[in-house]
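One chain, chain A, appears in both complexes that follow, with chain B as partner in the first and chain C in the second.
Let's look at the complex of A and B:
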């Protein structure tokens, strides 16, 4: 069993507070990804778990031990660094054996464990090489090997893939996922790449400026973003966000986006939004919830007709940009639905997937 | 009209506009290399190789500026190894004096690690420690002669004020302390230089390695032993070789501080060579001494570089 618990964790560098009281529980064998923009405190948080940074306030528990005052070597964790931090003067074998030497394993046991880990990671042929004789991807594997030989309670990863080129990054991502399935160990993984986060995580922790914005499964953070920040961070392209006003329509509620656009809110959501009538809101809709309807009936008052201002064909579908109320909106439309800039697009917003946010707090309504 | 194949077309497109002076690229590089070497090599040959060769020739002859040369065979070498007590003293002293290098390196490593840590005003300490290096050796000698002085020296003053001694110590005039006293000055002078080299080496070791090692379970001492020392090895051996060269050629310091005395207590090979040649006018014998010193010296340098794995001075992480 290995769980990690953060209890209102704070971090100050001198006068500046960079982590503002984080609470998080990582379950046994769970793979949790911390994601957020640069400088939001992901690495700092991870390094506090590792014991490389002092904790200003709050507690970190691994299982039922408070590790605040424990040195890194006594926390039974392993960490994979962004630049791998392989020992340049040691062979791959020695790099992987290093941690075992200080934990009372005898020679044959060390050998057995290193060979087994090397086998899992496909680096058995490289054991005699020095790190500088390895490619980036191979170094990455060695760094992971160094972590798994010890069979620690927790793996910590700090942007382990960001030094690799795009293609390798995708394949290593797959391997990490496979590895976790095979050597199921509680893991905390830091990245600023939301695609990496979505593909790897059991649960995603979205951080912003030293706070947690949302914790949830990839599916939850994608379809039910807790705040404007999360909505604008997850997804590629991210959710369309428009200032709007909630109005009472003749037989229900509607969001008014622009002078000529008032979209009716589906009945299932009326209850939730009822208190906001007459107030400004932020309207959110993902690009794939904007449906292409070239033959949409003109009398359908939900139909939006705009001029395509930009097109980005992606092969499987085409991103079409147009504007509503002076704001840019993007729709993920079928390929070849719009061929030229300047053509008119007719789309229908899929209102069942819409989100509303409170413009003052940024939180979802 | 003749048709051209694609290969010919490509070759034509790539053809150089002008034929270079030397057709082969590899030859061009060799020539260029030697061209750059000429100035340094000229100086080296004129002032190092030729005198050394001349020394070698001289060491097998009876020669003085006034008398014609005469073949002497191994006469001077026999004299040196079998009968010359001063030579033996000088050789022994030189060997002892060489210890300034390792002692200095150990001290400098300690200092480098101190000023590399998070202590306050480390920049100031760095500068202070390094300051000794650019001082002229003659200046260092004069300063330290004063520090050691029997009547007005600082060391004696301090020791007496603290009541540690009753009689002043004649540091530079007594047989038992003279060599050690000069070595202390030599170490002080080169310490700053060692420290800068080692500090550079230390700063080239990425912090992440220590973090990884501490997570891997290595305590401070093991981190030093398994990470710092091995990664610092090239810098340490660079210091060692430079330190040994410095101790071999430490003529000016000895000359100013003790002039080899008392007796021959601080006589090194280099001062003895000088004395033989320019005070006793035994140029032939000095030549033989020089040859011996050279062989001795080269052996140690090769040995040191060999132990360093042939990469002394290399700074290379990853």
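Let's look at the complex of A and C:
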């Protein structure tokens, strides 16, 4: 069993507080990804778990031990660094064996463990090489090998893929996922790449400026973002966010986006939004929930007709940009639905997938 | 090939200059070696460019008529102490200076400004302290003031600074104590700094004259440079033996330098550029 618990964790550098009381529980063998923009405190949080940074306030528990005062080497964790941190003067084998030597393993046990890890990671042929003689991807594997030989309670990763080129990153991402399935170990993984986060995580922790914005499965943070920040961070392109007003329509509620657009809120959501009638809100809708309907014409008053201002063909579909009330909106439409800038786009918003946010707090309503 | 000869062609001015400078610097060396083999008087005219009747007689002479082995052993012991102390103390101090601690700027300031005080200015207090410690006329007393050279601390610091912090953190997670981090990670990655420390502390100790002159009383405790100065009292016509003795004093230094020069030059230029 290995769980990690953070209890209102704070970090100050001198006067500046950079982590503002984080609560998080990482379950046994769970893969949790901390994601957020640069400087939001992900690394700092991870390094506090590792014991490389002092904890200003709060507690970190690994299983039922409070590790605040424990030295890094006694926390039974292994960390994979962004720059891999392989010892340049040692062979791959020695790099992987190094920590075991200081933990009282005998020679044959060390050998067995290193060979097993090398086998899992496909680096058996590289064991005699120096890190300098390896490619970026191979170094990455060695760095992970060094972590798994230890068989620690917790793996920590700090942006382990960010030094790789785009293609290798995708394949290593897959490898890490496979590895976690094979060597199921509680893991905390830091990245600023939301795609990486979505693909790897059992649960995602979205951080912003030293706070946690939302914790949830990839599906949850995608389909039910807890705040404008999350909505604008997850997804590519991200959710369309438009200032709007909630109005009472003849037989229910509607969001007024622009002079000519008032979208009916589906029955199922009326209850939730009833209190906000007459107030400004932020209306959110993902690009894929904007549906192309060239023939939808008159029979539907939700139809939006605008001029295409920009087109980005992606092959499988095309991103079409147009504006509503002066704000840019993007729809993910079928390929070739719109061929030229300046053409008229007719789309239907899929209102079941919409989200409303409170403009003042930024939180979902 | 064409471009290479082009390059060589363009570089001829600098090569010529270097050759001339090298020659000028090597002439005294050559002269010492030549004289050690011929015993020719320094003032003989016209001077012979090539050695006339070279023979090893003066080396034998110097070997037997001063306690060369004794002097040599003293020099080696003192240099050995100095090198060991410099390696250990400077590596520890250099490592400390790569970490953050309260008052670090002050420490650096004190170290740097102490570099500006010449040893001659502190030689009397140094003498008195050595006397209080009862170390006059001992090997330890000879080596003690040279136990740590501030420049060499900074050579280690510069070299350690170039080691990525994540490496140290990885080592810490791997379970190494700070001592082991220095010994197992930092020193192997700072070989040029180690070589620089060895060579310079060796040369400074080996060539030191003033300090041994002050604290050594017995002939038995003299180091080679002292032996060199007292040489003249032993002989009438000393030229050949004196020069032979000089060569014997110089040789170990040259040897150490030649053995470690590659790392040494990297050590002195590290920090100047990455790579």
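In this section, the second predicted complex is superposed on the first by the 364 of 365 C-alpha atoms of A that agree within 3 Å, B and C clash if a C-alpha of one lies under 4 Å from a C-alpha of the other, contacts with A are read in each partner's own complex, and residues count from 1 in each chain.
As a convention for this text, a contact is a pair of C-beta atoms (placed from the backbone, for glycine too) under 8 Å apart; a residue touches a chain by one contact, two chains touch by 3 or more.
As the structure is a prediction and not an experimental result, all values here were calculated from the model.
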| item | value |
| --- | --- |
| Chain A as common anchor, with chain B and chain C clashing or fitting | clash |
| Chain B versus chain C as contact partner of A:347, first or second or both or neither | neither |
| Which of chain B and chain C A:85 touches, first, second, both or neither | both |
| Partner chain in contact with A:6 - chain B first, chain C second, else both or neither | neither |
| Touched partner set for A:131, first chain B, second chain C, both or neither | first |
| Touched partner set for A:142, first chain B, second chain C, both or neither | neither |
| Partner chain(s) touched by A:110 [first = chain B, second = chain C, both, neither] | neither |
| Chain B/chain C common contact set on chain A | 50-52, 71-73, 77-79, 81, 83, 85, 87-89, 98-99, 102-103, 146 |
| In the complex, chain C residues that touch chain A | 164, 166-167, 169-176, 180, 185, 188-189 |
| Partner chain B, residues of chain A touching it in the complex | 50-52, 71-73, 77-79, 81, 83, 85, 87-89, 98-99, 102-103, 131-132, 146 |
| Of all residues in chain B, those that touch chain A in their complex | 206, 208-209, 211-219, 222, 226-227, 230-231, 316-318 |
| Of all residues in chain A, those that touch chain C in their complex | 50-52, 71-73, 77-79, 81-83, 85, 87-89, 98-99, 102-103, 146 |
